[in-house]
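Before I ask anything, here is the structure I am working with.
Read from first to last, the chains carry the letters A, B, C and D; within each, the first residue is number 1.
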Amino acid sequence: MILHDDRPHEECGVFGIWGTEGVDAAHAVYYGLTKGMGLVSEVFHPEVLQKLKGNIGIGHVRYSTAGASCIENAQPFSLNYAKGTLALAHNGNVINAKDMKDELSKEGAVFGGTSDSEVIAYSIARERMNTASIEEAAINVAKRLRGGYALLIMSPQKLIGVRDPLGLKPLCLGKKGDSYILASESSAITAVDGELIRDIAPGETVVITKDGIQSDTKLVSSKKAHCIFEYIYFARLDSRMDNISVYDARIKGGMALAKRYPVDADVVTGVPESGLTAAVGYSKYSGIPFIPAFNKNSYVGRTFIKPTQSERASAVHMKLSVIESVVKDKRIVLIDDSIVRGTTIAGLINMMRKAGAKEVHVRISSPAFLYPCFYGTDVPDNSQLIASEHSTEQIRVQIGADSLEYMHIEDFEQMTGDLEICKACFDGKYPV
Amino acid sequence: MILHDDRPHEECGVFGIWGTEGVDAAHAVYYGLTKGMGLVSEVFHPEVLQKLKGNIGIGHVRYSTAGASCIENAQPFSLNYAKGTLALAHNGNVINAKDMKDELSKEGAVFGGTSDSEVIAYSIARERMNTASIEEAAINVAKRLRGGYALLIMSPQKLIGVRDPLGLKPLCLGKKGDSYILASESSAITAVDGELIRDIAPGETVVITKDGIQSDTKLVSSKKAHCIFEYIYFARLDSRMDNISVYDARIKGGMALAKRYPVDADVVTGVPESGLTAAVGYSKYSGIPFIPAFNKNSYVGRTFIKPTQSERASAVHMKLSVIESVVKDKRIVLIDDSIVRGTTIAGLINMMRKAGAKEVHVRISSPAFLYPCFYGTDVPDNSQLIASEHSTEQIRVQIGADSLEYMHIEDFEQMTGDLEICKACFDGKYPV
Amino acid sequence: MILHDDRPHEECGVFGIWGTEGVDAAHAVYYGLTKGMGLVSEVFHPEVLQKLKGNIGIGHVRYSTAGASCIENAQPFSLNYAKGTLALAHNGNVINAKDMKDELSKEGAVFGGTSDSEVIAYSIARERMNTASIEEAAINVAKRLRGGYALLIMSPQKLIGVRDPLGLKPLCLGKKGDSYILASESSAITAVDGELIRDIAPGETVVITKDGIQSDTKLVSSKKAHCIFEYIYFARLDSRMDNISVYDARIKGGMALAKRYPVDADVVTGVPESGLTAAVGYSKYSGIPFIPAFNKNSYVGRTFIKPTQSERASAVHMKLSVIESVVKDKRIVLIDDSIVRGTTIAGLINMMRKAGAKEVHVRISSPAFLYPCFYGTDVPDNSQLIASEHSTEQIRVQIGADSLEYMHIEDFEQMTGDLEICKACFDGKYPV
Amino acid sequence: MILHDDRPHEECGVFGIWGTEGVDAAHAVYYGLTKGMGLVSEVFHPEVLQKLKGNIGIGHVRYSTAGASCIENAQPFSLNYAKGTLALAHNGNVINAKDMKDELSKEGAVFGGTSDSEVIAYSIARERMNTASIEEAAINVAKRLRGGYALLIMSPQKLIGVRDPLGLKPLCLGKKGDSYILASESSAITAVDGELIRDIAPGETVVITKDGIQSDTKLVSSKKAHCIFEYIYFARLDSRMDNISVYDARIKGGMALAKRYPVDADVVTGVPESGLTAAVGYSKYSGIPFIPAFNKNSYVGRTFIKPTQSERASAVHMKLSVIESVVKDKRIVLIDDSIVRGTTIAGLINMMRKAGAKEVHVRISSPAFLYPCFYGTDVPDNSQLIASEHSTEQIRVQIGADSLEYMHIEDFEQMTGDLEICKACFDGKYPV
């Protein structure tokens, strides 16, 4: 079957480097964005900007399901103003960006495009007229921003990183030789052979110059709300965020599922790639062997084949086939990390039945998500969500499973311990 | 020989259309820019913008010897502000654009790029906050502009054209069916099968809407200063500007040369393409037959050959060969429209001598230009100009001619009659 | 680490279709070659040929480490001769092709290129002059061919398949609607939503026309020698060849390894993708849990990054990172399907040690291969093979493993049962 | 108007170089073909082949109105046979190539493609088996060829040129440093800064090796028949063929027209580019001044515009506009070199009338051509020729001219003196 990935997508990140003499910042940013964030080549458009003989650079990569690749919205955004030039890239959403823009427009501001980046950069440039430094301007503007974000700001001499006070979006600091790196994911730092130093704390602002790193905590608040989605879906398996290994969190999620929803079965398997790690966790707790059951066909790039319009609209298209020997006459536990429309998992279950599976028990390593996200996570709207209109039993019937269970919301703490998380999309309790 | 065209280059123009329902404005602008302005395909980058379901569009085309194709400077420039959107394209130079930008920056303005277009558009958007209409804002801003320019402004409902008060830059109005066209050259109008209505007068502003054309004369002044270069070099042979045919002006220039600097010769010929029309004029007055003496080799596009870096730097490269039968044992009058470094004409004279020419008398259909232009004409700087450091006799020796004469500055009036012209690059008398 | 795949490569196959009215043969062949043979998009160049209003088509796909993409050698090869036109594609090597060519050349034959395909096609065209049918000509020529091959021949009315008498190379027959398919791998048939009918028997010739399928057994001999490499390395996991599931064969290979070379360990894992299935088999027999330990970075296509020359030379480049939680403080069994130069596995073991693995025991799911292949398998030459110069113990030390064992050659029968196989590259006993 | 050039097209040529150590033959051939044969970049596909560390190379360039760019027919054609390799490029048509191919096929020959080049090369390779040298084989094969041709043959050590006995097709010898060049046109030699040594005589074979040039005259016959079309249309203005300057021939043609068909007029002009030189000749004899009357719009390459299918079918599309001042109230003599369908000239006459021309007298610098060419000239078939169905008076009315005259066939001798020419397309008297 052709698998059109129907789960939520964000897959967005920033990367910046403050390099010493001789560092090719543009290349480093490029590789950090493409190799370190684990994205399929077809679906992203890394945009890189560098300054000052190449030793400072920032970049942004975004995966957009809508596919609207609008030049005006391209990040990073750079501008010229009385104090010189300034560039900005950000990850996340600023809820009140439109309001800020309208306000500025009323005062006579003009904008070349329609992106939030431009609004934030513009605001910082404005603020800079009345402040002693660019970081002070950035902090003052950040105070007015609502939502989850990680900002990278580049001035001719400085690389600045700002993480939102709740810590909704990740940002971490790394080092390679004498160069400093700021990136959404630690894997992007290791991808360029750098090493992770630490996470930028929620609300922390770091300023990197030739004199080293300075940290500012003016934005820090007592309340935290790390986005649980990063651990469930978005982050790379080998990333470490806020001191928690993404891999470990997923293994523990699978174990919690096995503990709460056990099943008598012969094989545990997962939907590639999203469900595999939780499946290993389920296997570990239950003792049922984990065996990969699907064979992925090669991804054939667009250079060679011309997909139909509908295939292209969906950026991810691949073909999975089930390995008959794994499932024939077996009772299967099938793990995935989410169900959106349900069509993908229904297709896979159907393939398994045709290949002779006796039973297929589905376990989902996250709760059904029911509420919109306002902090930058690209959750499908309600009309696309099977869970918003149907009960779990209805979904089970619709996808053709013998049993279906979602992770219990209370089990999150088994994944992330005492980390303060935002799980508003599951329970509607928004942190701000 | 390989001819690296060493004469001044501007080859820049604007084109806009206000179309009725069903008009594909983008296409019309594209064809007007490319077919109507007589440019070689390799060297220009037309930029077209359209709005409102496609029935209004503006575009700009520029040939730049420097080759700096900077995205930030791309025209047309569009912006969003409190009153909506606005786009602008312009031809010419605004001398005080930098000052205007600095002033705006001091007031807190931020700019995405570094182009004059952005400064002008920004200023109009600002001004629009305090005026009743976009055209009023444009006129108010134009009052502050110094230099020669033609502006095209597109708002959701209007197409506006503004010509500088001195008339340094051309702008004309045309019609095709029920659509209206504003263009730098009349030939761009005829190129899309439209017809020329009239020139926009120096200082005139026209506003085209669904209710027709309105003309405003607030900027009109008594002083005029049409750029003589348009007639000598830039404009297409079949254009008509300010009621003067470019072809006729050049024929008359050649005739004036023949009258003032006659020579006893067998053949009159011209350097293709720039010197051919003046050569016909010289022939007409002198009675010496005009015979083309050079064979142009095909222009071979970059798709097929990979020119060396130096060839590419010069955007025009072609190979001329002399037709031996035309020049052998003959006394030749060779006409060109200018001499910059002198290397081109020296090469051609050398070829003629090798092919057996007895005498080669060079006549240049413009005076030696000695002063910089501040109004938007891309004149080579002094260091490139052979005339800035050498006498006519020295140049004659250097290029190997038997005689050399430049058009006398007083003969311009034979070309353009009583049109008030700017000839500051020849005599240093700047109109503003 | 960047993994430059250093195992033997063939990844070559043929695909042909005899379609009924309205079948777009070219498309079907294209998709069969690209989607069904599991190749990475960067490294193959499918060549497709179709005839007769598109209802017959053949194609060939080849992965070449040498990267010599010579137009003269492109398959399929088509020619014109007295009886019309004929096209041929083949998989495998014909040992005596050079001799046949020399012989033909002596008789005055001329060749446009240097490929074996041209020699075989030429020979068939020659033979056709003295035979009643194209299939008879093909069979007569096949009698003279030495080596392992699968031939597809297309004439205006017929699609013909010939498999070598020993069955060294695979060929199978499928159906989709009323169309018939011949393909190297069954997965290529299912990839175009066709269904496998049966394998073409060693020495069998099938002729597909509008009257259906005719089978000829003139070439059939009693001796068989199926290439064991297809099961170990080349074939897709979900292919079925000569009635044996490739997946099952690999699972059984892993089980045989576990039985003969047990080890006391905590985790069984495999080198992606080549070692994963045997690792599942090892886990199954030993009871030690199978856990994927490596995270593959996305393959970044050449559209976006510009690899260095050395990266490009190696057609497969990806980055593997080890998941620390899986290996830390654990005793690991690491399975791969072969060792060529040993650099890849040495790198992976080193990564595991750095991530905290206590022990790493390597098990290779094939014997050390020591002899060249003359039947079309692209085995590295001796100079590249670590096993040709070193003992197993020496290799163990060099790659840094705690223990190292290769599959015992007698265990092949556990993989493929009583199928007569060629394992000459391991034991030097060539079937012909 | 958009001018779809409707005159006959051949624009085909060969170029070969025998270079000394260090000569980049491929480049030289490329430049000779593209720069020296005066072709527009869009419409040709030069194919170049080089051998022996690059010091021998041959190439072929063809302009085809049909646009059938078939890989199988690509020249040069190379083959491998018992004596090694051999490559061939040719200009012209071999009337009996099909017969030769059928004969060879009957003897068992197989061909990869369908081109005449392959047949000739194959025949030479065959013949080579029974002869002492490649040149002897080439001569023996040439004896059997019917038609007009120039052959270039490249073996590992030799560059061979063969011109047909009648001299229908041109071929000349040049030198650059110590390298030798064979080319269809002398302008291709001068284009690479070489110098013309001499024409290859009709029926002459030259063999270029490291020992110099050897000439063979076995094919030379007493009868000659140089194609008059080369002088009228095809050759570049600055070429010299069989000791006659193409430019001079055209001037004399124009003079002959003026003498035989005088007219009382104010201006002589020509259709660019084809009619300009004859127009200068008409002016020279008549004393009526020659003035260019058309302004050519730039050729806009396909990179930028997407012409409609019909525009693309015709490979040359440009826009001519008439310069009003030249023709208004004037009596015009308009010269072109041929009339095919008559649509082009009708359009131009119409433009002139609209611009105010009082009279337009058309003079064509060749007779009406009425017979097919069998020697390689791409003459339109009868159905396209206005002259095949209409009298001169009917054509005059149809194109809207005040008078119309074609060159008288007897005046050819004024163009080419006592050169024996083939003018069969005008009078039906074929030389073979």
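Keep in mind that, in the parts below, contacts are C-beta pairs under 8 Å (C-beta built on N, C-alpha and C of every residue); 3 or more make two chains touch, one makes a residue touch a chain.
The model shown is predicted, which means the values in this text are computed figures rather than measured ones.
> What is the set of chains touching both chain A and chain B?
Where chain A and chain B might share a partner, there is none at all.
> So which chain is farthest from chain C, going by the mean of the CA atoms in each chain?
Measuring from the centre of chain C, the most distant chain centre belongs to B.
> Centroid of chain C to centroid of chain D, CA atoms only: how many Å?
Roughly 52 Å, centre to centre.
> If you average the Cα atoms of chain B and of chain D to get two centres, how far apart are those centres in Å?
Taking the mean C-alpha position of each chain, the two centres sit 38 Å apart.
> For chain A versus chain D, what separation do you get between their C-alpha means, in angstrom?
Measuring from centre to centre gives 65 Å for this pair.
> Where does chain A touch two or more other chains at once, residue-wise?
Residue numbers touching two or more other chains: none in chain A.
> On the basis of the stated criterion, which chains touch which? Give every pair.
Every pair of chains in contact is listed here: A-B, A-C, B-D, C-D.
> Provide the residue numbers of chain D that touch chain B in the complex, in ascending order.
Of all residues in chain D, those touching chain B are 30-31, 34-36, 38-42, 46, 187, 190-191, 236-238, 245, 247-248, 251, 276, 280, 283-284, 289-292, 295, 297-301, 303-305, 319, 321, 323-326.
> Residues of chain A touching chain B in their complex?
Within the complex, chain A touches chain B at residues 77-82, 105-106, 108-114, 118, 121-122, 125-126, 129.
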